[in-house]
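Both complexes shown next keep subunit A, but they swap its partner, so subunit B is in the first and subunit C is in the second.
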Partner chain A sequence: MLDGDPRLSLLLALADDELVLGHRHAEWTGWAPHIEEDLAFSSIAQDEMAHARLLYGLAQPLVGLGEDSVAFGRRPVDYLNAWLCERPNGDWAYTLARQYLYDTADAVRLEALASSAWAELAELVKVMQLEEKYHLDHGRAWFRRLAEGPVTARQKFADGLAATVGEAVALFEPLPGEERLLADGVMPRTSEDLLAQWLEALGQDLEAVSLDFVLEHHGPGTGEMVPTSSGEIAGGEGDLGVPGVVRRDGRWVHDGGFTGGGGRRGRHSEDFVPLWEEMTGLYRAHPGAKW
Partner chain B sequence: MVSRVDELEHGALERRVWEALAEVHDPEIPPCSITDLGIVERIEATDEAIEVDLLPTFAGCPALDVIRQDAEAAVARVAGPGRLVTLRFVYSPPWTSDRITEQGREQLRHYGVTPPQQGAGQVFIPLASLERAEGTADCPFCGSHDTLLESAFGPTLCRATLFCRACRNPFEAFKPKEPARP
Partner chain C sequence: MDVWDVLGKRTAGDEFVVVGGLKAPDAEMALLLARETHFRHKEGVAYAVRRRGEGDLHVGSFDAEQLGGVTDRSYRRQEGYVGVGAKLKRVREALATRGLAIGGHRPPARRGGEREDAHA
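Now for the complex of A and B:
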C-alpha cells in the first residue's frame, strides 16, 4: 500500500494517530470521573476523528479508496499510528498523561506542517490547529492540576507519565520516505528536529514541577527487547530509562532508539488488533454501509 | 465581519441565492442562519451553474450533512431546472468565530448562548472547573460579567459551559475560534 507516494505515509501517520487515539478517548464517553470530563473527552474524540477524516479525504486520490475504506477498510499492518495511541486507557492518570504528551507533540508537528509546500495539507493543518488549541489547553490544565496537586494525584500522574513518555517519543519516529518529503518541502523539518523541539519543552515543563525523573527512570525493568530506529533489537536490562533520551548540557535530547517503534511501518503492539477488530467491526460486517 | 452580500459580484441571482441560504439554519444553533454564522464563503452564479462554498465551523460538526442537504435544497429552488447546483465544504480560509455577524450575535444572545468576543485577544482557558477563569463571557440572562467558565467543552463542539455568579444560572457560550494572537 505504501510503495508509491511518500505523502501517503505522512497522511496515514497523522490521520491514524488521530483516529486511533480518538477511538480510545471515545471509550471514556459515559465513564469519565465527572460530567465535564465526559464531555471533554467525547468532544476531543469527535475532533480527532474529524481531523482523521479530513486527512483521509486528502489521501483518497493517492490510495484510490473512499474515505470510509481508508479509515476502516485496511488491514492492521496498513495502519501507521504510533503505539502510544493504541494503548488501552488504563486509569484516569494514564489517560491524562497520554493526552498531555500526545497533544503537546501534535502541536509541534502541526506548527511545522502549517508551512508545508503541499498547500492542501497546510490548509487542513491550519483548520486543525484552531481546534487542537482546546485539547492542548485541556492537557496543560490537568498537567498543572495533578503535578501540583495532592500527593496521591501527583504520584499517579507521575506513574502515568512514566508509562507513556517512552512511547510518546516514538510519535516522532522517522517516516518511510521522509527524505523525499523533506526534499519536496512537504515536511518542512525532519522528525528528529521536531522531536528535539518537543523534548526540550517537555523537559522544561517536567523540571518546573520536579517530575523530570520520569525521563530518567521509566518504570521497573522488564528485560523486554526494544526495537531501535535502525531496526536493530536492543536487549533491555534492569531499569530502563526512556531509551535514547539523555540529559546533555542542561537539556533533554534524543540520542538513539525508540520504545515502541515500528508504528510508522505498520508494526503494532499486542493492543492494536483487538482495537482494530472493534473499530472496524461494523464496516467489515456491512461492507459499503452508509450512515 | 459583516454580511458578505455586498461583495457579491453578479447582482440579482447571487443575491437570491444568498437570501435562500439565509433561510437555512444550523440545527445545532437553531436561532442563527448559516449566513449569519459566516459559513457561506462564496457564491458564483452563471446561466449554467450555481456554485456555493461553505466553511464548516468545526470539522467534526455532526450537523454538516444536514446543513449541506438543506442548503442544496434552498439553492435548487432558486436555481430552477436549467442550472447545475454544486455545493461544497472548503477549509480555506479557516472559519473563525469573528465571521459571525452582529445580527447572529444578537440572535445567539437572545437564545441564551453568549456570542464569542471579537478580536480582543480573548483569554479563554478551558476546564475552569480546574482553573476558575473569570470574566470570560457575559451572562446572556442578566448581562453580568461575574461569570466562571466551567469547561471549554459542552453539548456541541462549538459551545462551552459557564456559570453566572450574579443570577446563579448555568449558561453556554459560543466557543471563540480564532488564531492565537502574538
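Now for the complex of A and C:
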C-alpha cells in the first residue's frame, strides 16, 4: 500500500494515531471518574476521530479507496500508528499521562506541518489545531493538578509518565520516504528535529514540577522497544529502538537515533490486533455498507 | 466539591445567562469542564462560571471562533438525524419486496407505567 507517494505514509501516520487513540479514549465513555470528565474525554475522542476522517479524506486520491475503506478496510500491518496510541487505557493516571504526552507531541508536529508546502495539508492542519487547543488545555490542566496534587495522585501520574514516555518518543519515528517529504517541503522539518523540540519542552515541564526523574528511566541504551509477546505483528524489519533521553547543557535531549521499525512501518505491539478486530468489526461484517 | 453555575452568551450582543451547572474544585477546572460539557456544539460565543452563591464571574478564554469546535458534529445534534426515519421506511419497503423484514424488538414507545389503552 505504501509503495509510491510518500505523502500517504505521512497522512496514514497522522490519521492512524488519531483514529486509534480516539478509539482508546472512547473506551472511557461511561467509565471516567466523574460525569463532567466523562463528557470531556468523550469529546476529545470524537475530535481525534474527526481529525482522522479529515486526513483519510485527503489520503483517498492517493490510495484509491473510499474514506471508510481507508479507515477500516486495511490489514493490521497497513496501519502506521505509533504503539503509544494502541496501548490499553490502564488506569486514569496512565490515560492522562498518555494524553498529555501525545497532545504535546502532536502540537509540535502540527505546528511544523502548518507551514507545509502541500497547501491542502497545511490548511487541514490549521483546522485541526483549533480543536487540538482543547486537548492541550485539558492535558496541561490535569498535568499540573496531578503533579502538584496529593501524594498518591502524583505517584500514579509519575508511574503513568514513566510507562509512556519511551513510546511517546516513538511518535517521532522517521516515516517511510521521509527524505522525499523533506525535499518536497511537505514535511518542513525532520522527525528527529521535532523530537528534539518536544523533548526540550517536556523536560522543562517536568522539571518545573520535579518529575523529570521519569525521563531518567529512558537514558541511552534503555530505549529498545522489544515486543512483549508472540502476538506482535511483524512488519518485516528489526525491533524498533528509540533514542535514549539525557540531560545535557541544562536541557533534555535525545541521545542516539532510531533503529529498526515500529508503528510507522506497520509493526505493532500485541495490543493492536484485538483493538483492530473490535474497531473494524462492523466494517468487515458489512463491507461497503452505506449509512 | 463546589457547585458552579455555567453561563453563556449565544451571540456577542447577549448578556451572560445561566445555562447549567457542574461540580469542580476550583475556577480553572470549572472553566475547563464548562467548555467541554456545555460549549462543544456551537451553543454560544462566550462562556463563564460562577461559584454558586457567589458573585465573581470567571470568564473563559476561548473566543467565538474556537468555541464549539470546527469539524462536522452534526451527528451529535438532532438535525443530524433528519431523514433517518424516511430511510428506514425505504429500506423496509425494499426488503419487503424480497420477502424480508428487519427483525429484533423495538423499545416501547410509551413511558413505563402508562397504560396501553391510554393511547388508544
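Methods note: the second predicted complex is superposed on the first by the 260 of 291 C-alpha atoms of A that agree within 3 Å, B and C clash if a C-alpha of one lies under 4 Å from a C-alpha of the other, contacts with A are read in each partner's own complex, and residues count from 1 in each chain.
As a convention for this text, a residue touches a chain if its C-beta (ideal position, glycine included) is under 8 Å from a C-beta of that chain, and two chains touch if they have at least 3 such contacts.
On a predicted model such as this, the values are computed, not experimentally measured, just so you know.
Superposition of the two structures on subunit A leads subunit B and subunit C into a clash. By the touch criterion defined above, A:Asp47 reaches both subunit B and subunit C. In the superposition on chain A, A:Phe72 makes contact with neither subunit B nor subunit C. By the touch criterion defined above, A:Leu124 lies against subunit B but remains apart from subunit C after alignment on the C-alpha atoms of chain A. When the two structures are aligned on the shared chain, A:Glu36 is found in touch with subunit B and with subunit C.
Touched residues of subunit A were counted for both subunit B and subunit C, and B has more of them. Put simply, subunit A uses residues 36, 39-40, 43, 46-47, 50-51, 53-54, 127, 130-131, 133-134, 137-138, 141, 145 to touch subunit B in one complex and subunit C in the other. Note for the complex: subunit A touches subunit B at residues 36, 39-40, 42-44, 46-47, 49-51, 53-54, 123-124, 126-131, 133-134, 137-138, 141-142, 144-145. Listing the residues of subunit A that touch subunit C in their complex gives 34, 36-37, 39-40, 43, 46-47, 50-51, 53-54, 127, 130-131, 133-134, 137-138, 141, 145.
Across the interface of their complex, subunit A is touched by residues 58-62, 91-92, 94-96, 125-127, 129-131, 150-155, 157, 161, 175, 177-180 of subunit B. Put simply, subunit C touches subunit A in their complex at residues 22-24, 28-29, 32-33, 35-37, 40, 62, 65-66, 69-73, 76.
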